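Here chain A shows up in two complexes: once beside chain B, once beside chain C.
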Partner chain A sequence: MAEVRLTSVGKIYSGAVPAVKDITFSVPDGGFCVLVGPSGCGKSTLLRMIAGLETITMGEIRISDRVVNTVEPMDRDIAMVFQNYALYPHMSVYDNMAYGLRNRKTPEPEISARVAEAARILELEPYLERRPRELSGGQRQRVAMGRAIVRQPQVFLFDEPLSNLDAKLRGAMRVEIKKLQRQLGVTSIYVTHDQLEAMTLADQLVVMNQGVVEQIGEPLSLYERPETVFVAQFIGAPPMNMIDLAPGGGGPKGLDGSSELPVPASGARLGIRPEHLVVDEDGRPVPTRPGDIRLELAVDAVEAVGAETYIHGRLGGDGLMITAREHGKMLLPPGTSRVFTARRENLHLFDAATGRRVDI
Partner chain B sequence: MVENRPLANLASHLILIVGVAIVAFPVYLALVASSSDPTTIANGQLGLLPEGHLFENYWKVLFEGTERSTKQPMIVPLFNSLVMALVISIGKISISLISAFAIIYFRFPFRHTAFWVIFLTLMLPVEVRIYPTYKIVADLGLLDTYAGLTIPLIASATATLLFRQFFMTVPDELLEASKIDGAGPWKFFKDTLLPLSMTSVAAMFVIQFIYGWNQYLWPLLITTRDDMQTIVIGIQKMLYVTDALTEWQLAMATTILAMLPPVVVVVAMQKLFVRGLTETEK
Partner chain C sequence: MQKRSYFAGRMLPYALLAPQLLVTIVFFYVPAAQAVWQSFLLQDAFGISTEFVWFENYQLLFSDAAYYQAISVTAVFSVLVTVAALSISLLLAVQADKSLRGAGVYKTLLIWPYAVAPVVAGVLWLFMFQPSLGTLARGLRHFGVDWNPYLNSGDALSLVVLAAAWKQISYNFLFFLAGLQSIPKSLIEAAAIDGARPARRFWTIVFPLLSPTAFYLLTVNIVYVFFDTFGIIHAVTHGGPAGATTTLVYKVFNDGRAGGDLGGSAAQSVVLMAIVIALTAVQFRFIERKVNY
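== the complex of A and B ==
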């Protein structure tokens, strides 16, 4: 078992712009760390540097206190699950799992014991003699997991392992992976651009953007207290509504109460999550307290999905598109104008110049 | 497109049958000739049905030789041809696999230059460089040896190109997975790349075996001793006899014998091809 520690890690591909810049964080022993961010932000690059598949341009990576910058992948005691699984097509499922152990000169009885155990955990027993092409996508994915498990490594690395599966299977495998990781207690680093996957799997969430870390923390604390505009908009679906405020606190037409907010001299962006907008029902206004924000929306479209309803409306009649999420059914006719209230404690305020959080 | 029109079916079969007949008839005739006795052919009475001298003729040509021309038992040139074809095809495949592996998977200075140099040799088959090659082989004292017969024909741009093309389609993740699984470059080559290339190797083997087997000009130059002759030259020598009749029945028997090994190779490798075609590896 091992702690993974990154110190000022950076990567520059062949002299061009840096793909990863000055990243520092550590994953505790047995922790499940998820790297999440938009496409091209450098997640895979960072993971591959930890795996030893890319050289490290600067900084230092340690696995259980050993600096591994120049250590070969096979000597880092890691296992990796690839997006396309990278199973050896000409080998049986058994051999795919056994190959790494054989290369390490593990005695054959030990190999078959470990493969049998992995096959049992992953329910792959009936398929051990098959070739990868004779398996379904989900089964291949499990073989890739099995190949990682049998090695009993110090660290698991996953690069979008579920992105080739359909939505239902992805949900099921997500639960499996989490269960397995708890059971085995192996330190894991997992790359995804799916924020649902990120939120549900992570003990520790690392949000990346354009090669830098935006914020690190527990999934829910990132949701509740995003430190930057980027994190605020990246975590949560549908994404947080963002309204620009002028330096004095003045906002667009239809916005009421923003002058109470501590808007910095450079102006601010006010963030409100859709689920925090409460609609005035049948003309009975939601009782407000000082500091609450009220928005007047002209309803554009209503999406009822059963347990909840998404209401899309334009601020002040024809302004910014704002999304609100209400419990239950709420069939507002399009075209009507409604007032929505957001509690002060649910507001997020960001400096317009730096994009960083401002305390309210 | 699956169509079921009896008339079209019949027509296409007819065309195919005629095609096969055109190709197969001369071979059949050679077989008939190789079973007849010398006087029948000399009198121009060769029929369309085989005669009774088949084993006698083959035995004679294999182990005793012709009476009037070379007087060499043909088992020796057959063996020489087999060695030549095998060494050339296996040599070409090995060298090409290794050079394609180097070009695709290793970063070394002048990698692209190396590739283009190999590519350029496509334009320099033996026939073009025959004099300098002969000179080198002669100076090295390799005339009338298997080495002289085969080594100059081994370098192969075609196979290198084919394997390079194939290696480029192998996903990088396989290499990376191998690295993490503790396989070095050589192990990756042996355990992963080679098994995946098997169908290409089989294809190359067939093509290069036939190429090696059918060599004519080079063996003609490089061999002088009768015991180093190849079968293709053996046939040629059988046909030119001074002051006597060509022993056609023996020449035809030799021709049939010369056709057999390539046929065997094609049939044997065909299984691999078919498997490669039907079960695409992913």
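== the complex of A and C ==
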């Protein structure tokens, strides 16, 4: 069990722009930290630096108070699950899991006990003698997990372990990973580009963009209070609607109520999540309070998925595309114009120049 | 997955196979059959009279001490060349796979020897090690080595082994390098995290995954040593001194072409063919089982 602490960590490939810049955060003992961001944001590089597969050019990484900057991967007491699983194709499932223990000269009876235990937890018992190529994607994924578990490391590192699975299996494995991590209580760092995976797995979410950390926190607090435009748009699906406001608070045609907002001198971006847009039922407008925002949308397309309905419409008839999410079925005919209301407490306002949150 | 192909017409598959079959028949089955027929004949040196003698050529062959010497020379020669060519090329490929800067130049330079004809390769090595003129031979003498491949059978054998291995290294290198590059990097990283040091990673992960390549190269190299090294031996030693570098294939040439014993030479080539077929069969039967595809 261990705490992982990163202090001003950076990585510069020779002569190029920095891949990772000045990253500081710590994962408490037993915590589940998810690094999330678009591809190329440096999240995988950062994970590989923690694993010891990439050199650290700046700052310091500590695992349970030991600085590991120059420690070999094998001596960091970590286990890693790779995106392509990296199973040894010429070894049976049993040997794949036993390999790391054999390298460490673990006595053979203990190896078989540990592998048996891991196989039981992961329901791999019937497959121990098989080769990886004889297994399905989900089973391979579990073998990769098993290989990490048997080592009983201080830290688990996951590099997009679910991205090669189909959507259904991905959902199931996500739940399993979370359950397993709770059960074993091993500090874990998990990399993904899938914000849904990130939201559901993490105790602590680290949103990265272009090599820097945008925001760190609990998943729901990031969702409810994004500190930057990037986080606001990255977390949540469908993404948050963003409307540009002029310095005085004037907005585009079809937007009403924005002059009440504390728009900074450089202008602002107004963010409204789709589920916070409430449509006026036929002839019964939503009662508004001071500070609420009203949008007039010309309905473009309606996607009813059963439990909820996504309404895509153009602001003021032909302006910005805005998405609203309503409960239940709501079959508005395309081309009709509707008014949507967003409560003041659900609005997000960002400085147009810095992209940072402005308190309302 | 559908593995069997279906063709619309009956003739098309035969037409597609025909060119390859034709080449195989003309250049392999016909000469092989001729050799078998010839091996039962006895001809005088001028080709005037021919007599059918059944197995007399074979009887003579197996009572000839020089033939047994050629067998043992071939065995030593093929083991030395194969081991040297495979191990050196594997070492070079592992280094090329690691190195980053100048890897392209390195690879290109390593591939050149393959484009050199066997005789030219032989002459090249002969020049370097010619006792009185060769640059490297003079170096050896300088260090007190009594080097003379014309008189010393050990020196002669080393020289042809060196030349033959050198020429085959580039071919092996290409295959080993391609094999190494097809091993996903994450496997090596996983092994590193799993506590395997570089040497152990090589023997437990990399080498087993290279085994199909190594097996293929072993077969190809043995066939190469048996047949294609003829040019090198002919250019460097002419099989000498005193038959020290006369391999089976060189003896076939020497007895038939130079000695005029066509029947005996044909019998030798039939035996040689049987040996190579047997060796290849043994390799597929016993070694292939241990290979991980």
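Just so it is clear, the second predicted complex is superposed on the first by the 360 of 360 C-alpha atoms of A that agree within 3 Å, B and C clash if a C-alpha of one lies under 4 Å from a C-alpha of the other, contacts with A are read in each partner's own complex, and residues count from 1 in each chain.
Just so it is clear, a contact is a pair of C-beta atoms (placed from the backbone, for glycine too) under 8 Å apart; a residue touches a chain by one contact, two chains touch by 3 or more.
Remember, it's a predicted structure, so these values are computed and weren't measured experimentally.
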| item | value |
| --- | --- |
| Combined model on chain A: chain C and chain B, fit or clash | clash |
| Touched partner set for A:G249, first chain B, second chain C, both or neither | neither |
| Contacts of A:P73 with chain B and chain C, given as first, second, both or neither | both |
| Contacts of A:G355 with chain B and chain C, given as first, second, both or neither | neither |
| First (chain B), second (chain C), both or neither touched by A:P239 | neither |
| Touched partner set for A:P132, first chain B, second chain C, both or neither | first |
| Footprint overlap on chain A, comparing chain B with chain C | 51-53, 72-74, 78-80, 82-84, 86, 88-90, 99-100, 103-104, 147 |
| Chain C residues touching chain A - in the complex, by the definition given at the top | 184, 186-187, 189-197, 200, 204-205, 208-209, 292 |
| Residues of chain A touching chain B in the complex | 51-53, 72-74, 78-80, 82-84, 86-90, 99-100, 103-104, 132-133, 147 |
| Residues of chain A touching chain C in the complex | 51-53, 72-74, 78-80, 82-84, 86, 88-90, 99-100, 103-104, 147, 151 |
| Sites on chain B touched by chain A in the complex | 171, 173-174, 176-177, 179-183, 187, 191-192, 195-196, 279-282 |
